[in-house]
Amino acid sequence: MRIFSRLALLSLALVVPGIAQAQSGGTLQKIKETGTVAIGYRESSAPFSYLDDHQKPVGYAMDICMKVVEAVKAELKLPNLKVELTAVTSSNRIPLMANGTIDLECGSTTNNVDRQKQVAFTNTHFLTASIFVAKKSAGVHKIADLKGKTVVSTAGSTNIGQLNKANAEQNLGINIVPGKDHAEGLLMVETGRAAAFVMDDVIVAGLVAAAKDPAVFAVGDEAFSKPEPYAIMLRKDDPSFKALVDATTARVYKTEGEALYAKWFTKPIPPKGIVMNLPLSAAMKKALQNPSDNADPASYGN
Amino acid sequence: MFAHFDFQAIVHALPYLFEQGLVFTLTLTILSAIGGLILGTALALVRIGGGPVLATIATGYVNLMRTLPLVLVIFWFYFMVPYIGQWLLHAPRPIKVGGFSSALLTFVMFEAAYFSEIMRGGIQSVARGQYAAGLALGMTGAQAMRYIVLPQVLRTMLPVLLTQTIVLFQDTSLVYVLSLTDFLGAASKIAQRDGRLVEMYCFAALVYFAICFLASLAVRRLQSRVAIIR
Amino acid sequence: MNYHWNWGIFWDASPEGGGTYADMLVSGLRITLAVSVLAWVIALGMGSAVGVLRSLPNPWLRRLANTYIELLRNVPLLVQLFLWYFVLPEVVPEAWGDWLKSLRDAPFYTAVIGLGLFMSARVAVQIATGIAALPRGQMAAGLALGFTLPQTYRYVILPNAFRVVLPPLTSETINTIKNSSVALTIGLAELTARARAIQEFSFQVFEAFTAATLIYLAINTIATVLMRLLERRMRVPGYGAK
């Protein structure tokens, strides 16, 4: 029956290219051995990480990650380092980081203590609060106004957790529907599937600005959270890689952070040339000048 | 009712839909069908003549795969395969597999269960005397399988195998849950970005229908041609 | 393996409030079963009707049945669910669309109908094949005894055809249960979706998926056993199944 084991091996070899190369050590070692750095990006987290008109991921977080890639190239002396891009969602980014499918997650991931048990974060690149958006005509202003309604939030986000918590604590009886990604969330409000979409204020601003008719939407007066820090996500327990990413982002934020910020938040951005019109706040300016990977929102002085 | 239907939105997206999306879907389908057929044939051979222990393991595997929803299996593989690679190779950390390879591995392993059932039925339909005749001619068991039984099985089972491949082609749309850019994934990315759900999903349905319908017509014609008169 | 196993996770309170992670799985199982049973009722009803149409002498009715089957069989289930969920409310008159979208359990109804119709095409093929497999004399005998065509179907053809197709229908029953998981893409909180939600909240991906896998194994085994019992009860000695 040797033919069977040979067939089995053959089929295995067919489907797992490159499985034979063994690996050891941390992420830097892995990048060195494979000559590739794997970046996880988002499809609809404008202006942090999203697809432009040619379906290429671009954004503020992508720019920061490319600076990190440059630093990795220099550190490992790998001028031909390949960048492999993988689309991730709020739902799968943490397991994909843990299982090595991605090395850097460049998007709009909130750094919090809960997640730090699974993954690590570098220095904060944005501060944003969890809010809700509805149609103006719906007349919902407070969280309590959502009582008994269908509300969408993105599966796997901190926002859906906060919505669940508010729903349970205030006994609102909200019908919570998980969306696959942020774009689907706003689209469900636009088409009347859901009364509101719970998401970070900056993501909502980006989606609304790009919508067919931004004027139909209104943001609620009440937030689900204080402004929380966004950061690029790394694997946990990998001190040498984290040190490199921390040093790089700290240098970039201090020297060109404000210019990068201006590029994505105050100027026209692809694909449609909309302007986010979010000038640098005092808290954000402080966060860029004093880079920190602290998960505590209070540490950012807001 | 289609007053707001924007054909321009489809036309604009065509290159992306076909050059990226459909190419991905077709590549995944063809490679999965080949891999699934090889692994499925191996499983069928093990189940028929692989000894009681191996046959039980193979049967258990086939039944397990046929009991689980494909969506669940897709999630399992995307998250689990890097750890299995690490365990197999005694590597210090999970082996990076990536979206496409993970999807390919999933479909090969999953479809192998279905192909193995087809091949098993086919092998059992070839008269045992033929296999015995091969042995009598001095062939080894493997040679008798390779030169006498399997060619006939492939020929008679070709239409069923191709029909299963059409099912596989449809099933690959489920990689949507991994955010990969297959044909449906590409359509949905445009649909969500531009708010053109009606146009993109109608167009996707039309393309899937056209391909599957024409393919199944072709299979039916082939069926009447390859039928062996016994 | 640097993964932190925690099998106790199921007894922890879920962040959704009002229960544990195990309760999330139970709620998912309930929805999976409810969708599967209702979709299977639609699949059997529509499938039998279309299967019979396909076996009738009238060519127009046969063509109608074939069109139905080809349309539903050649578009992936996921795409069909998107058509029912995202496209249908936008192409019907606005008031109907608004009503459809305001339904609180829209994903549930969409899943039942979408999955039911998708499976009905496969059931129809089985039924039509079963009818075609019966000896031609049965139809003639029924008509010769003075039965009308509908009566012949009701008392002669269908009872026999169902016995012939029970084994393939067993696997279609299991397929219905399995395919209900596709509805997680339209936001239905069925078993696979709940397992994924546990992963999102607790990060215990493998515990959650293992639990879901075991539950699917259990319900599909039970469904198979029940169908086998039905097959045995329905068997006419010396007829039908080998």
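Per-chain numbering from 1; labels A, B and C assigned in written order.
One rule holds in what follows: a residue touches a chain if its C-beta (ideal position, glycine included) is under 8 Å from a C-beta of that chain, and two chains touch if they have at least 3 such contacts.
On a predicted model such as this, the values are computed, not experimentally measured, just so you know.
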Topology of the chain contact graph, where touching chains are joined (line, ring, star, complete, other): complete
Identity of the chain that, by mean CA position, is farthest from chain B: A
Rounded Å distance, chain A centre to chain C centre (Cα mean): 37
For chain B paired with chain C, centre-to-centre distance based on mean C-alpha positions, whole Å: 22
Chain A-chain B separation of Cα centroids, rounded to whole Å: 33
Chain A residues counted as touching two or more neighbouring chains: 95, 98, 180, 191
Chain B: positions in contact with at least two other chains: 79-80, 83, 93-94, 197
Sequence positions of chain C contacting 2 or more other chains: 3, 86, 90, 185, 196, 205
Chain A-touching residues of chain C, taken from the complex the two chains share: 3, 15-18, 86, 89-90, 97-98, 101-102, 104, 106-107, 185, 187, 189, 193, 196-197, 199-201, 203, 205
Footprint of chain B on chain A - complex, ascending: 1-4, 7-8, 10-11, 14-17, 19-20, 22-26, 30, 34, 38, 43-44, 51, 55, 84, 86-89, 92, 95-96, 98-101, 180-181, 183-184, 187, 190-191, 211-212
Touching residues on chain B, where the partner in the complex is chain A: 16, 20, 31, 34-35, 38-39, 41-42, 45-46, 49-51, 54, 78-80, 82-83, 85, 88-99, 101-102, 104-105, 108, 112, 142, 145-146, 178-181, 186, 189, 192-193, 195, 197
List of chain A residues in touch with chain C within their complex: 90-91, 94-95, 98, 117-118, 150, 152, 155-156, 160-161, 164-165, 167-169, 175-180, 191-193
Residue ranges of chain C touching chain B (in the complex, touch as defined): 1-3, 70-71, 73-80, 82-83, 86-87, 90-93, 174, 177-182, 184-185, 192, 195-196, 205-206, 209, 212-213, 216-217, 220-221
